[in-house]
Amino acid sequence: MLEVKNLISGYGKSEVIRGISLEVKEGQIVTIIGPNGAGKTTFFRTVFGFLPARQGEILFENEDLTKYAPTVRVQKGIAMVPQGRNVFPFLTVLENLKLGAYTRYDQKTLQEGIDLAYGLFPVLKERKSQQAGTLSGGEQQMLVIARALMSRPKFLMLDEPSLGIAPFLIKEIFRTIKAINEEQKMTIFLVEQNAPVALRVAEWGYVMEGGQIHMSGSAQELLNDDRVKGAYLGKKD
Amino acid sequence: MLKKTLISISILSLLIFFSSGPAAAAEKVRIGVVIELTGAGASLGDYWTKGVKYATKEINDAGGILGRPVEYKIFDTQSKPPISVSAVKKALAWKPYALSGPIYSSSTLANMFLSQEAKTPQNVGSENWRISTKGSKYIWRTSTQQGFEIPKLLSFIMAEKKPKAIAMLHVNNDYGIGAKETTQKILKETYNTKLVAAMACEQKQADYSAEFSTLRRKKADALFVYLLEEEAAIVYRQVRKMGLKLVLFAPNSGISEDTLRLGKESAEGVYGMSGFEYNAPEPNCVRVSKWFKKQYKEWPDNEFMKGYNSVYLVKTGIEQTGGFDKAKYSQKMHNIFITPKVQKNICGGNLYYDDVGDLHAWDYLVQVKWDGTHAKPKIVAALPPLKGPDSSKKTKWYEK
Amino acid sequence: MIRWLFWGIIVAILCVLPRFLGDYTLYVVSLTYVYVTVAIGLNLTLGYANQVSLCHASFFGIGAYTMGLLLAQGWSFWLILPLSGIFAGLFGAVIGFPALKWKDHYLALITIAINIITFFVMMQESWLTGGPTGVSGITRPSIGSLSFTSDINYYYLLLVLFILAILASIWIVNSKWGRAFRAIGLNELAARGHGISSFNYKLLAFAVGAFFAGVGGGLFAPLLRYISPDAFTFFISLEFLIMIVIGGMGRIEGPIIGAIIVVMGPEVLRMAEAAYLIVYSLILILVMLFMRGGLVIVLDRLREAIPARIGSRR
Amino acid sequence: MANFIQLLIGGVSMGILYGVVAIGFVLLWQTSQTINFGQGELVMVPMFLMVALHIVLKIPFWPSFVLTLLGSGIMGYLFERLMIRKLLPGGVLVIVIATLGLSGFLRYGMQIAWTPQTLFFPHLFSTKPIELGDIIFSPEDIWNIVLISVIIIVLHLCIKRTKLGMAMQAVAQSRETAELMGINVRHIITLVFVLNSVLAGTAAVFAAPIFFVRYDIGIFLGVKAFVAAIIGGFNQIRGALVGGLTVGLAETFAAAYITTAYRDAFVMILLLVVLLIKPEGIVGIKEEAY
């Protein structure tokens, strides 16, 4: 579904992504794990179009995306949940959700989307007329994921969904991610520092370090790999 | 490469600019027009410049001054005193015989010492009374100063309208504050009364409800509107809009063509003083106004006549001295009575210049009448000058 | 070595300049010196410490009125000139104390408001300032038998003080203060982390900037020999801002180039009569569109192009 | 009491005019962090346009009005496309200086291209004063207040209820997140500039009979609206309105009860007081909350 070939990008004079090639197959959950500063977020921002690609191709359903603005990529069926809590703080939860469906015009899909969001995260229904800025961190993360689903994407990109969230909520969020993948047949592309959680839901994984892919394999293989274990999985697991 | 070329061009132009020293004295009579071409006074400066232009053309068509053609050059003061100083310096570097302008009193006060030092006659359009107290022998006014205008206006209003409580709106600058001081002084000394309210207004002020509420509180029945043209028109409009019953009276800025063009029917009934207006009963005022109307499709403001006269004053002075000596010019042009015999084309009839360059001339008390399409000042009375040969001519109020 | 020669030649040119100038151009150059002095102050405040001030005309006016009013009381010019700077600097510190808690557009607005208020005080409090008619008859100074009354002599006085002002600003920029200003300008939080008391230095930058403006005002009054409130409006503050932005912020050469353009630009362009203001406005837009770092950049390019390295340190 | 009510009407009718110009300031600031020092000129130019159409060419009022708004919109579009888009990466100061240049360009351009004189503009409404007991007021003031209020309410509803309005709010709160939603931020910014110009054009038509039409009126209106926006709150549309009314009322009441000599200074003192006590403005929200 998504194929990245020899991608190079960065900020100013520095080159952060130094030739990355990878593939995400339709229907799968694929994750990139790696240490802080490996360039995972930069890679995501390049794929979504916030950063221009300096070289290489980003093929989505065999079409090169590099020439399109982020807006167009949304219309092509890509949605991204960026790092941090990117809610519109002065709009209500419901208004936030409606904005998620900005590229979808008809009332029916809108209502379906809202029902789906409320089904996945019932707490959002309770808070629907509250200003989004007043929600807790975990609730904001749920809202952001739900909002990304509102555009009915075929391909959902999630950047560090576990960042700064209470541990019991992390599990719930990942359970939901899995559910979205299974019930909605949505392809999910995930960046996570919390490797064990990510690899447990994913089917395929890449390990990124210093702007390059160091390893790849099925999630199960990576979970059992000694090097990965030593570097990212820590003692607890 | 392009940038380098640009730099060398700019350096070159700067060099050319600096190397162009004072030009050699020419055979022309040069007049440096230091005037409000931009800024708040741009509208007035425009009339003035047109007056200078017309007078120059007229004089040159008739053979110049003592055979020499007149040439003028315009220097913008931007309506700002510090810039007016540099404008006068620049004008003086051009070696003019005389200067014409500026109109704004604050600019004149800032730059008049330069013409005094350069011993170059300067004919200004300013009306602030302080100008005549500075002791310059090279400054002449082209209109009567507020210290002469206001007592004449008040004498009519007090005698004919007998107001019980007079209030005043004045523009918050030297022109307006000077008028407030003069009015307070005259009311106290001559009529033993005082203004019930004297309110400073900003330029471009559009809402006068605060001022009107004070008028109502003080039970004023007459209002002296000492504002610039646009603001005066706005006040007339608002007085009508709010249904106030007041005797309105104003200096010449309040009944000038610019004000009436904007005030239209709301200016009906306003009393004002007029020196050189297009409808003054004086042949030259009528003649140049008609020319203006033909040329620009509207009636001129009195600044046009003032600019026109500023050139003719130079002609008069030179012809009176019979040469181009500026010191003699200065001497001749003080205590001089300029009648149509002395200078055929000058506007305003008999003009008397006293020993400090103040103009004493006939003023006309007018009342604005609305004829359905235009507001026009109709003359109610002719008031003789306070000083000079004509001051002894006691007239009854002009034909009512 | 070559650098000193270069500056020596420039100073020499400035010294002989009056011989080639008419009255009027001499006045314009003198006025430029005064404005550069003020702009240098703003450059310290805004260019280095990154604190916007849109009331520099107030500081300038306070300096000018101090000079005009105390001269009328019979004080000596040489005593008043530092006082002009000190009064303005004190005023800067007093308003900076509450104002500098804010930054960017809030600080810009606070300073605009202060400028408008001081303008009204100059306008209305005639007992002190002479009101809208201003202060006239301001005299020029002398030392012993050396009198600065004539335009040329006053030009030389201004030239000396102008060079002193530039040297002072270079000294300040390279001193401990200057480094602190730049540190705050670049990143206030980081500067605080390095133990720089950011508020005190911001206040200092504001006061020093005001001091320069005050001295500029003290020199301005005798140059014009007349001052009125119109010379110190908020729009004049904008002109100072434009000077350093066009010239190049945070560079010693910036205010010099900027003041030359802003003061002399209209004078050169005046040939086109009223149209020069349009041209001037257009230049502002174009510089912002295509030469963001100010005209100093042109100078840099030129310097790079000339193999012998002339010019001052960055 | 009668006096008080009359001052109130006077202050509100001026204040609401400042407010509607200030709303434009707020919209621009919110969506693109632009501080537009040429705002006053965006009112001045439509004033002249209105005179050209309605008085010189004698086109009836309503068609002239529509054409004026159209012209304003085009002006706003060009302003954004040709200037602001290139300047935005440079930051606030660069935009401040460039818009100052623009303001001068339009002002002196109008003076030379047309006239330095003040031009007449007729009243839009009846000028026959209405008397209610001791209170005398003019229909013009009342109509201005009512019609501008309606315009502001409609604008408010559009922003709160329509899809484009929501998108504008989204861009104002976070540009990048708005892009995530598939909102074309550039289009929205252009739209806001057009909207700002049209609002300014509307204000121009209401202001013309009160101020008359002159090339340098923009400085006056621009500064007043700027101060109003800050006093009320730079990041809230209702802030601009509250600010406008506060400025209008403050100058009227201060002039009536204290002194007229410091009329414009009072507003500035008020600005300082507000900034020192509540820098985000009367109804503004702290920017740190973003």
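We just call them A, B, C and D in the order they show up, numbering each chain from 1.
The rule we apply is simple: a contact is a pair of C-beta atoms (placed from the backbone, for glycine too) under 8 Å apart; a residue touches a chain by one contact, two chains touch by 3 or more.
These numbers were taken from a predicted model, which means no experiment stands behind them.
The chains in contact with subunit A and with subunit D alike: there are none. Among the remaining chains, those touching subunit C as well as subunit D are B. Ranking every chain by how far its Cα centroid lies from the centroid of subunit C, the top place goes to A.
With centres computed from CA atoms alone, D is the chain lying nearest the middle of all the protein shown. Averaged Cα coordinates give subunit A a centre that lies 54 Å from the centre of subunit C. Here the CA centre of subunit A is 75 Å from the CA centre of subunit B.
Subunit B and subunit D have Cα centroids lying 36 Å from one another. Contacts with at least two other chains are made by residues 38, 172 of subunit B. Across the assembly, subunit C contributes 274, 277 as residues in contact with two or more other chains. Touching chain pairs in this entry, ordered by label, are A-D, B-C, B-D, C-D. Partner subunit D is touched in their complex by these residues of subunit A: 48, 50, 69-71, 74-75, 79-80, 82, 86-91, 95, 98-100, 102-103, 133, 147-148, 151. Residues 163, 166-167, 169-170, 173-174, 176-185, 285, 289-290 of subunit D are the ones touching subunit A in the complex. Of all residues in subunit B, only 3-4, 7, 13-14, 17-19, 21-22, 37-38, 74-76, 78, 80-82, 85-86, 89-90, 92-93, 105-106, 109-111, 113, 128, 130, 134, 172-174, 177-178 touch subunit C in the complex they form. Per the touch definition, subunit D reaches subunit C in the complex via residues 35, 83, 86-87, 90, 92-98, 100-105, 108-109, 111-112, 226-227, 230, 234, 261-262, 264-265, 268-269, 271-272, 275-276, 279. Those residues of subunit C that touch subunit B in the complex are listed here as 17, 20-25, 27-28, 31, 123, 126, 131-134, 136-137, 224-226, 228, 230-231, 264, 267-268, 270, 273-274, 277, 298, 301-302, 305.
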